[in-house]
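Next up: the structures, one after another.
Heads up, the next two complexes both have chain A, just with different partners, chain B and then chain C.
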Partner chain A sequence: MALLRGKRWLLMVVVAGLIATQALGAADAPTENQVQAVFLFNFSRFVEWPPQAFAAPSDPFVIGIVGSDPFGARLDEAVHNEQINGHALIVRRFRSISEVDNCQILFIDRSEIARLGQILAALDHHSTLTVSQADGAAQRGVMIQFATENSRIRLRINVDSARAAGLTISSKLLRPAEIIGTDVKEQ
Partner chain B sequence: MRKSSTPIRRTLMNMIFLSSGVVLLVTSSAFCAYEFLTFRQSSIQQLQILGRAIASNSTAALAFENAEDAASILTAFKSDPHIVAAALYDIRGKVFATYPQELPLDRLPAQVGKGFSFSRSALIGFEPVAEGPKQLGFLYMESDLNAMYSRMELYALIGALVAALSLSLAFLISRRLQYRLLQPILALADTARAVAERHDYTVRAAPTGAYEFDLFTDTFNQMLTQIQESEDKLQAQVGRLNLLQHITRATGERQDLPSIFQVVLGSLEENLPIDFGCFLLHDPGAKTLSVAALGKKGIRFAESLSLLPNGSVPIDQNGLSRCVGGQLVYEPDVSQVAFPFPQRLSAAGLRSVVFAPLIVESQVFGVLVCARADGQAFSSRECEFLKQLSEHVALASHQARLYGALQQAYDDLRQSQHTVMQQERLRALGQMASGIAHDINNAISPVSLYTESLLEREPNLSERTRNYLTTIQRAIEDVARTVARMREFYRERDAQLTLERVEINRAVEQVVELTKPRWSDLPQARGAMVDLQSFLADPLPNIMGAEHEIRDALTNLIFNAVDAMPTGGTLSVRTRKATVADGETRVLIEVSDTGVGMDEDTRRRCLEPFYTTKGERGTGLGLAMVYGMIQRHSAELEIDSAPGKGTTVRLNFPAVTSSVVSQPKAKSAAVVKRPLRILLVDDDPLLIKSLQDTLQEDGHLVTATHGGHEGIEAFAAAAKRGECFDIVVTDLGMPHVDGRKVATSVKGVSPTTPVVLLTGWGQRLIATNDAPAHVDKVLAKPPRLHELRAALAELVA
Partner chain C sequence: MTGTIRRSWFVSALILYGGAATLAQADNASSIGELKQLNVEDLMNVEVTSVARHPEKLIEAASAIQVITQEDIRRSGATSIPEALRLADNLQVAQKNSHDWAISARGFNTALANKLLVMIDGRTVYTPLYSGVFWDVQDYVLADIDRIEVISGPGGTLWGANAVNGVINIITKSAKDTQGLYVQAGGGSRPEDLADVRYGGALSPDTQFRFYGKYVDRGSEVLANGDSASDAWRQGRGGFRVDSDASAQDKLTVQGDVYEGHEDEQAGGTSDTSGENVLGRWSRRFSDTSDMGLQSYVDRTYISNPAAPLIIGGLQFAGPGIFQDELTTYDVDFQHRFRIGTANSVVWGLGFRYTHDVVSNAPSLAFLPPTLDRDLYSLFAQDEVALRPDLSLTIGSKLERNDYTGFEVEPNVRLSWILNPNQALWSAISRAVRTPSRIDQDFSEAAPPHFVVLEGGSDFKSESVVAYELGYRVQLDQQLSASVSSFFNHYNDIRSTTITPTTLLPFFFANGLEGDTYGLEFTSNYQVSDTWSLHAGYTLLKEHLHVKPGQTDINDALNETADPQHQFSLRSSLNLPRHTEFDTALRWVDTLHTNNGPVVGTVPSYFELDTHLGWHASDHLEFALVGQNLLHNRHPEYGFPDPSRPEIERTAYGKFTWRY
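Coming up: the complex of A and B.
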């Protein structure tokens, strides 16, 4: 029954989705990047940073992007006027890891995946949540990886990397996500 | 009991049921309301808690748009079966996930709401889904109210059960309590019913042990006591009223005081009751009270009181004086009163006394004395009763007195009527007798005159002729005497008695002789023999009296004696002299018979006028006349008699002490020698002829006229001629002009001419010296020659 019901629900969702897509048109349909931009911002809610992550209380909460920026203005819109525990949210974009300063969330674009080891090493001892959309990034030590399944974005979380960085990821975030261990072979 | 009234038992039960029902209802309602409200509240809270938990868990799913995860989170609502629908909306208000997953979207609210609210059959609520300050979406929940309703049903069921149980318990307890509560009321009601139905005011309600009820029963009992007292008082009052009525009726039936007093005292002793009662009659002059009647029951007290019938009690300064003053006096304790009469009462063993005055026309004529042996024994009501009774008794006594007076007056009147009738009859008889006597006297006058004349003037009469004439003369004298006595007997009584010396023996002899036909002849005709014996004492003193009355009395006594011996017997007449203690001499006349005698009652009444034992034959006046004579003569009358023993009547006269005996006047031998001119006036020719003859033989010149008128004319004519008559002898009774007128005319012509009146009634005129005016001498008919001669000699000489 549950299976049957689930199938019917799926059907309905699909039908609803089709109708919605048809109705809203391509213009408003959120792109994958847009959704990821919102997700990136949302991580600030479900992850707890240690106090030493900020040099001063007035320091902003920085979402950094290293590599090419897939989000564009979407992310800026998402963080506009937002605050996390009294820290204003700002977005900073870095061309390379060398430019990366103190930031709380660092999105590592697929373009930088080649230099992933280098980046992660540079971030060692920093309480920076690393996020990437590159395939297999989680296995390679990135804390959260966006994975697209059935045109839906799913999260793969490397809990060990986060714990190593002193970050606490909310169980709420963990529950629907896929927990990935660091592939030793990769390293 | 009125129909609309309900037994208190049912009312009480209704009240208990109603009150406990209302209490239960209110309590249950309050409880249900409370439960309803709190249940709503708790439902909201529960839903809120659940919603918050789910919302909190749903944040990540919403934040990262994981619809499957969201749906799986929502399945947590399965833990509460009442949640029938739930949905997650994203921040834009779009349905993100539903529970159950196949829930149609139109089942969900199109708009996102706020807070919790109850719809008709469900509780719906919206819970914001937020992570930190960031609002992520909304959670919609819908919980049906079946739970609440089922809970309410449960409560209602429990409530009904509890109510039923409570009411059953209330019924049982109230029955038990009600019995205790109602028992005194029902007992009281039973008592009240008993009182009302049987009118028995002696029953009392028993105490119950409960304060208020005891108060109630006490009051009730007190009320009953008062009613009983009132009832008793009423009964006593009714009893006294009945007694008063009884006594009043009893006294009304009686007409004499002693009987009224006796019946009153008897009733009082019997019914009030009293220990001692008496009536005292007031004598204002002597200032004493005399005992008129004594109660029979109280006679022992009367003896110790030394109050005897007709005894007297002085009015001293005690209650009696006030009572005689008209007040009812009550002495509650006579031993405390220092005056003699109360002390006498006290000594006799009587303590409380009531003196009630008997008042008639504002005068106290007597006192009713009621006494009891106990002190303080008369209530004020009894005093009032005695006062009323005394008024009734006084009235009854007064009426009895009036009745007695009326009866006496009536008796007197009747007696007077009888007397008058009797006297009238006697008078008629007397007149008749007088007429007869007059005629007889006239008739025998010539016989007498001629006989006397013959005997006197004819010397040559043979012895035989002389004897015959002498016998004729004696017989004529007897006739004349008999006629005289007869007249005497019937003559009217004089108002004043002229007393003269009376020779009793002579009077007795005359009466015996006169009554001889009665005691000798009449009995003999019947074949009875009456033997008359006279024992006359000689000498016997004279008495002062009226001889004719004494003769009448003796005649009556002899008649009575003869009547008492219808079969004959001995009649004794006796006279004797007696000397009494103080030396006074008395003359006794006794008339005795050996007849039937008299019983005590007859003996006591025989002197009453018109009392007779002879029936139609007697007038009842005989002994009364005797008694009247006795009283007029200051004499005494004794009667000895017993039934079958004969009767002796004794007359006792005072004797005349002086022994002077009246000498009858010696017959005057005086004879007028010279011839007289005599005018005779009489209407009887025989008489006038005999008178004329005898007077002419004496040598007188006699002119005879027949009738008064002729006589007067003859006298007047003679006077004119100068040959006046020397004397006129006229009859008294003549038609037209009687002897009195003749005498008057004669004296008118010649005052010195004597007038002699001859009368058939002459005896009486002589006896009483009742000579009419202008009459010088009255002679009785038949005239005796020697009397006539003596009169002529006396008047002319």
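Coming up: the complex of A and C.
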């Protein structure tokens, strides 16, 4: 079973490769969290909320995070000085669903996934776009789930959940996304 | 493989008894501002990295669990599962020679270490010959491992007998996540040759498959005087996995592996190993809070080891021979999870295992009877009660019936208190047992009609532990997380080697030891920046075993432990510009007491360093240069200090990885 007899040759190639080819000037790969933070910002532009989502025209557009915050300053940076239809974008962080009041987007960290049923029930009758990076979140009724496949961020969108909350998701988001249905037994 | 039935240990014990007794922080070129300029489709095509581990998933677990992720494994440069297990701070990992490893949690890491339960995709891989693990034959295409969960502390309630000091759960990726071609090849001073190939495809939109092959050729380690330890080995393996989302609720998995290996033995001759297994699993999700799983597997393993003659004091009691073992395991498990009201989450299950073990005895070494069939039935139930939103109590027990000792009960009580989303306290009291294995009752050295000097004890019963644990986890912010687990364990009926009254010989195994151990495990991750993460780990372990009143142990209670009191690790993962990554892992292991019979021997404490330099030349091609054990030409990690003790050499290898 003697495969690959030329191993020392291979080693030389690796070393030579590392030394010789430092010329590629491509940008370094960003982290999952950076790209997800920018997606959260983009959702504010590619999803349409019903007018009753805001109590007053001066209300801010709130991106909430419940559970551990995976984004840190990156999300604040992404929404800094941005506004949507006159509503200033702000980020708010909640320790549990009981603290959450009106927000347009709610990111449910995977640390809160054990309480997902409770969270979704509390958001019933609210026009809140729910987003999570937890495995299987979209099947369980979360509207948009981040998944990392082949080192790229994929969107899994539960259109039924979004529609039930009165939200309209732009085809710009839907086209490259994977459309997921809620498991029948879930409800 | 041979380290397991290593006779020298017993023989020496007899002889001794009868005789003399940087880091520049790279700028992250892709700023949030630049990413915001991209449209949705471009954003989805941005390649992302994840240096961050995911402790947040663990924050609420009420046990001392540590998770080794795929990214951890890749960046460590590990080429085998034992090497990857060095990434868990709550394990003691020592390489004995080129092909044998000693791995345990919370101590008892002897040549016949027997208190860990190890599973690969739900298939138990410890051998009922001695309740230990043949680490040389547990392998996989490491890139297809999703994660390795390492739980220190008893896991008997959920996992069953043998989960006395810990559980290692190796979980491979679903076929859906291993699509396309993956080729990795390389070599160097060790491993000399390494080749992995995997191909994954789809049978239908809902059904994916992969198959793989792996070949490793590893050279010999050396002795203290620089001579070869003559323990080179090579192993080939292959396998497949098919996953199907049969419906919205149902998932089906079928997987299997085959392997064959040949290992040169220091004492002369070659060991042969081979095995096959096939496993099927059906899981059905009824709702958010209710699901069930049914799993069954068949596993066959074969080993053939040269057995040295039994010579004591220059007198040959039995000649050399070949020892062989062929074990076939049939296992079926069922598990069901559901809720009662809003506060109770119940999980229960049933299991049955049948093992058919056939040994071919050598004159000097035997298991009697040579053929043995065993049945194991198990039933468990556990209820997690939400006392308050932040406080949950878990109560459960396993009930097991085995052919050696009849019924065994392994209960636990766990309390988890979530102080806030970033901090949790947990505590547990649990009991677990190690039921007898073949060595405890059936062992015979040498085989009759030769004179028997050591044999199993026909009355050998289960060893047991009652463990008290207290743990704390914190995620200070996204940058810093830490976890500390402490334990106090009381062991009873631990194995001793005692004497036959009046005739002295044969010596036989009994349950003559008891004692306490205590210690703590600390682990911490610090994300210095988007491109740099640090990890630190420390374990403290104190062991106090003694001979029970009225009992005898010819080894003075010194032969069931071989562990460092302290060990720590410090690791750095750095993403450099131009798609380059650099990882270093420094470890320090305290003095190891590897006693031989009642005679104390040690492995000196040591520092060691591993490094990994990787370069992603393109989306498809990656190069890596790995150095292992760089601080010494060679150092011992295990074994009684004599001239035949193998030492582990400094090694380096290079490899390329092609993904398409």
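Operating definition for what follows: the second predicted complex is superposed on the first by the 156 of 187 C-alpha atoms of A that agree within 3 Å, B and C clash if a C-alpha of one lies under 4 Å from a C-alpha of the other, contacts with A are read in each partner's own complex, and residues count from 1 in each chain.
Simple rule for what comes next: a residue touches a chain if its C-beta (ideal position, glycine included) is under 8 Å from a C-beta of that chain, and two chains touch if they have at least 3 such contacts.
Keep in mind the model is a prediction, meaning the values are calculated, not measured.
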Regarding the shared-chain residue A:P176, is it in contact with chain B (first), chain C (second), both, or neither?
-> both
Counting residues of chain A in contact, which comes out ahead: chain B or chain C?
-> C
Once the structures are superposed on A, label A:L155 by its partner contacts, choosing first (chain B), second (chain C), both or neither.
-> both
Would you sort A:V35 into first (chain B), second (chain C), both or neither based on which partner it touches?
-> both
Overlapping contact positions on chain A, where the chain C interface meets the chain B interface = 5, 8, 13, 35, 39, 42, 46, 152-155, 172-173, 175-176
Chain C residues touching chain A - in the complex, by the definition given at the top = 26, 28-30, 32-36, 38-41, 43-52, 54, 56-57, 59-60, 177, 185-188, 192-195, 215, 217, 234, 236, 248-249, 285-289, 389, 420-422, 475, 477-479, 530-531, 575, 577-580, 613, 615, 617, 623-625, 652-656
So, in the complex, the side of chain A touching chain B is made of residues 5-6, 8-9, 12-13, 35, 39, 42, 45-46, 82, 152-155, 170, 172-173, 175-176
In their shared complex, at which residues does chain A touch chain C?
-> 1-5, 7-8, 10-11, 13-15, 17-18, 21-22, 24-35, 37-39, 41-42, 46, 67-72, 74, 77-78, 95-96, 109-112, 114, 116-117, 139-140, 148-149, 151-155, 172-173, 175-176, 181, 183-186
Chain B residues touching chain A in their complex are 56-57, 59-61, 63-69, 71, 100-102, 131-132, 134
